[in-house]
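Paired with chain B in one complex and with chain C in the other, chain A is shared by the two complexes that follow.
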Partner chain A sequence: MNLNFVLQSLLNGLLIGGVYSLIAIGLTLIFGVMKVINFAHGAVMMLGMYCTYWLFVFLKVNPYLSILLVIPILFIIGAAFQNFLINPIIKAPEHNQLFLTLGVSLFLQNTAVFLWSPDYRVLKTHYANITYYIGDISISLSHLLAFGLAVLFAAILYMILTRTDLGRAIRAASEEPQGAMLMGINIKRIYWISFGIGSACAGVSGAAITTFFPIYPYVGDIFVLTAYVVVVLGGLGSVLGAFVGGLIIGVADSIGAMFLPGAMKSILSFIIFILILLFKPTGLFGR
Partner chain B sequence: MSNIRILIRKGGLMSKVNNKAEKGITRRDFLKTTGLAGAVAAAGSIGFPSVLRGAPAPEILIGHIHPLSGFLAFDGQEMKKAVMFGVKQINDAGGIKSLGGAQLKLLDGDSEGKPEKAISEVERLHRAGVVAITGCYQSAVAIVATQTCEKLQVPFVVGVASAEDITKRGFKYTFRVQPPSSVFADQGLKYITQIAQAAGEKVKTIAFLHENTQFGTTLADFTVEYAPKYGLEVPVRVPYSTRAADFSTEVGKIKAANADLIFDSGYFGDGVRVLRAMRSMRVKAKAIVGIANGAFSHPKFIEELGELTENVMDSNYQVNLVSPFAKETLANFKAAFNLDMSPSMVYGYQPVSVIADAIERAKSTDKEAIREALTKTDFSRHILPQGPIQFGQDGQNKNATTLLMQILNKKIEVVWPKEYATAKVVFPHP
Partner chain C sequence: MSQPTLATSYLKRGLSRQTWIITGIILVLLHLLPWAIPQIVHIVIMIYLFATMGQAWNVLGGYTGQFSFGHSLFFGLGAYVSTLLYLKLGITPWIGILISSLSGIALGLFIGALSFRYGLKGPFFALIMLAFAEIFHMITMGWNAVGGSPGLLIPLKGNAPHLMQFTSKQPFYYMALWMMVGSLYLVWRLEKTRTGLYFLSVREDHDAAEALGVDTFKVQMIAMAISAGLTAMIGTIYAQYLLFIDPDSTFGILNSVEIMVRPIIGGPGTVLGPLLGSVVLTPLAEITRLAFQSYSGVYLMWYGMILVIVIMFLPHGLMGMIRQIIDKYRKG
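Now for the complex of A and B:
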């Protein structure tokens, strides 16, 4: 096993880890505020990918530029999802909410199969084939851009949450909903805004990987299971935790793949997952 | 469908639901009721008109099981088109002549890519009255589907599914058109050795990248087993899961192996990502050879990846590109679906005509008679690069073989063996 190979693997793990991070941030935000585990998150991400794809195919919108459109579209979808489906059962037992989001996920996936067929679609841009080399180590431009976008959006979100009134209101609603309500915060509004932001995060991550990942109705499943692990690792509801957790899982996966065959490669990240649950169930950054 | 609705309205299903409301509906009740509804529907569509109109062409039901939804839905939907096309071809040519021009009617079975789902789908098709079934695209699904058919005594003609075991269990009702995985591996090794010899190149080592279900694992096992026969060895094999988000470390292992040849077995979606990673990481070898690869000789693969695919090879089943009947069939398929018929689709299509031929000779829709006729199959009006389709004792198409394809100037060409070749092989890859 040579050094180049190890460095290459770690680098690729880190880059894909950035994508996990952004997906997980959306998930953790929704959980943190509403205590709803959103099984439809992967399907929402898939919608983001199709948005970018169709914008590119029909309007020739640059896939990275299309993110500016994907954000509002997915925000509206997420907000509507919260308003019309989650809100009515926000007080219902957790398993009801779980089944609801699972139902929505299946609905979205099958609608996608119906509307766009289960075909694999590849967004053909010249970016996809641009690769930089440092010595023998290759860095694919599209992976690098996906990572950069994930970090950028995670940072923007972090700023919003810590520096703005809206962010403070979101955090207040997440920590102490009744107290927040007494202080005059419109909790219902915060709920749909958070759900919208969370969905937009999934959409952005989807859009950011369209240049190197095939698009098909079930694509979200591949990423979202990892995102759950990341969320628990980072601490449920912790945005910073989700970000760091994503990078850790990305790197752990590639270390796993170096030493373990095939499907076993996730073993390392799941061992971390179990250990965290056993010894620090609140996660790395959870309280 | 209208029959089912009537039944519901009359209270057949609803009264049952109401009676059981307190206890809930059990699965058995549900099956009983829907089964009954199905039987009524079948009687309505087949029996009734023949009484009314004398003797119009009756319908013969055949079933197919493919992953029509789920993670392999893309592949499954394509397979469905191939089977549909096979049925249409038979019907357009006058149906089953020995049964008064009876038309074939196709019933869908959706495995969702899951073996356990295949069992209930086979049972459902059986209840609906199919005389034969074809499928499955996945070996794991074919193993259980054929087992269920054996129990129900329904002939099953496997189109695509490569696992050796399928025809190694002494089953009477299982037949398979495509070559088993051992043939893919063996022919792949044989062809590449012959090509290297002809080019005066020395090849010794193979690094094998494969997806980790039975499909990829078996192909790699056989390659490791047969390689010494051709003076080759497989020092490195790297399995991966198709559900992983990133394959770059796996590809990195292959690169680090620095072998003369890279072999690869996988499905379409992962194949696209694997090749892109290989090109981006500048993986070099004298040849990249797919063994029964789901992507490497698929027309859409070139469409998606363009020049990255240049020179990629694949030992795979293929249509006979030098046969006029095959060319005509491909053209008609393209006209019908605006889609190129991939080799998988070719083998998805072929069992229908094999089944139709058996029904024709059996002169009956009795499943036992059809099975009997299948064992005596000697079918030449096919589109495969082989002699007549004949099934051995074990139900395997004895003459099935693979060809070696190569992507040259963005076209899939057959490059070996020479009697089926459409272009000159490029080896070693630049």
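Now for the complex of A and C:
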């Protein structure tokens, strides 16, 4: 195991970590505002991937350009999900909301199996094989673009949350819903907007990886499991935590892959997950 | 004769003679079923196995309020422990099932000791169970000594009762039936014992129960042990029934979903809920599996839809609905 190999896998881990970050930011935003762990987040991400795929196959839309369409589509799906399914039972015990998102996840994933078959699909583009070299270390363009897009959207979201009235309202609603309501914030509106934004984050992450990751109905499971790890590591509800956590877990996975067989590479991140849950459930950046 | 207090009359558990007779008749009929309709024996075995696991999940999730999203952990452990003991050491699965159950209890108590000590509950407990199941999933996938991703095949020895192998399905039918009836009886009795009430107190209000002197840690550990041990036993029976196990079908996330979805739909925290859920969902799964061979996930689409509808409109599951109808009938 030479230095180049180590640097190479750390870099790959960091790049995919950026994608984990964006998925986790969507999840943490939804949790922060509604205190619901969205088990359908992976299914929503899968929808984003299929959106990009079908736009590419039928309309020849560039996969990166299609993100501009994926955002509004997934925003509407997320907002509708919140408005029509979660909102009616928002007062029910929290486990009912967990089960509901689980049901929606099962439904979406297996409807995708029914409509589009469980086969792996690959979106072939000519730039999927472009790689750059720095010394002996290779950087694939598609990984780099996915990382860049994830960081860009995370930054935009951070700006929205910190610099705009909507963002302030969202943060107020997640910190002190009662107080926010008394200050004249329409909590119900904030709920569906946050759910929409969170789902759009998952959709964008999905779309950004279609050029180098196979597309199939259960693809979201892999990413969303990692996203739970990231969210808990960063502190549930903390956007900054989710971002840093994503990078850490990406690197931890690549370290795991250096020492363990392929199927076991995520063991390290799951052990981190369990330790964080036990000893510091508020996470690195949680309050 | 002393006047029964509120507590003793509540703790008494009994059924009217009429109900006992009906239950007895149903039991006799169920014993005759493999001769009457041999075509459906497989589906009914699956109904019993999932009803029993649903009951196990129900003890921890429905009664004690700790929702496990990773019960496939105990199922897989049970399947792997007995199978490995047989394949590597030649130990008969009859002893294997006991060791499976004990290791399930041990692992359950370990996870319980970690999580309940730190007051983990709600989504956090769900996630930690999911994480443990996923770790075992990854280990069995990557470690070739335990079969790796292709899984383990138990060599067929013909009709070998001492190895828990039978050429006909009927012995499994009776094993599954008795496990199901046994778990049903256990939970029915448990519901009205002091421990059963402690379970409910933890579910309803953990802090209040603690304040009133309930040892919530111990109570949750008991629920965990019952739940884990029972699920692991079913894991062994399942492995012996199919003679094949692999990481996805045992430790996979979907299997956890399969285990929990029946009690949730049937009515969590009720004695008959898991059985009712299994009676409704298992045939649905088995029949659609036959009808759409290559699209074998389609039944999960129905699960998802039923789950959403039940959560939105029947918060107490199918049992809640039945109870409502009975109440209405009695009043009207």
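Definition applied: the second predicted complex is superposed on the first by the 284 of 287 C-alpha atoms of A that agree within 3 Å, B and C clash if a C-alpha of one lies under 4 Å from a C-alpha of the other, contacts with A are read in each partner's own complex, and residues count from 1 in each chain.
Rule of thumb we're sticking to: a residue touches a chain if its C-beta (ideal position, glycine included) is under 8 Å from a C-beta of that chain, and two chains touch if they have at least 3 such contacts.
Only a predicted model underlies this, so the values are computations on that prediction, with no experimental measurement involved.
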Tell me which partner A:13 touches in the superposition: chain B (first), chain C (second), both or neither. first
Given the touch rule stated above, what does A:217 touch, chain B (first), chain C (second), both, or neither? both
With both complexes superposed on chain A, which partner does A:95 reach: first (chain B), second (chain C), both or neither? second
Tell me which partner A:55 touches in the superposition: chain B (first), chain C (second), both or neither. neither
Of the two partner chains, chain B (first) and chain C (second), which one does A:117 touch, if any: first, second, both, or neither? both
Touch check for A:277: first (chain B), second (chain C), both, or neither? second
After the superposition on A, what does A:150 contact: first (chain B), second (chain C), both or neither? neither
Where on chain A do the contacts from chain B and from chain C line up? 110, 113, 117-118, 217, 221, 261-263, 266
Report the residues of chain A in contact with chain C in the complex, numbered from low to high. 37, 85, 88-89, 92, 94-96, 98-100, 102-111, 113-114, 117-118, 217, 221, 225, 228-229, 232, 260-264, 266-267, 270-271, 273-274, 277-279, 281
The answer for chain A against chain B in the complex is residues 1-2, 4-5, 8-9, 12-13, 16, 19-20, 110, 113, 117-120, 122, 124, 128-129, 131, 133, 136, 138, 140, 212-214, 216-218, 221-223, 226, 250, 253-254, 257-258, 261-263, 265-266
Listed in rising order, the residues of chain C that touch chain A in the complex are 65, 67, 114-115, 118, 120, 122-124, 126-128, 130-132, 134-135, 138-139, 141-143, 148-149, 253, 257, 264, 294-295, 297-301, 303-308, 311-312, 315
Chain B residues within the chain A interface of the complex: 69-71, 73-74, 76-77, 212, 238-241, 243-246, 248-250, 252-253, 255-256, 268-269, 272-273, 276, 279-282, 300, 304-306, 308
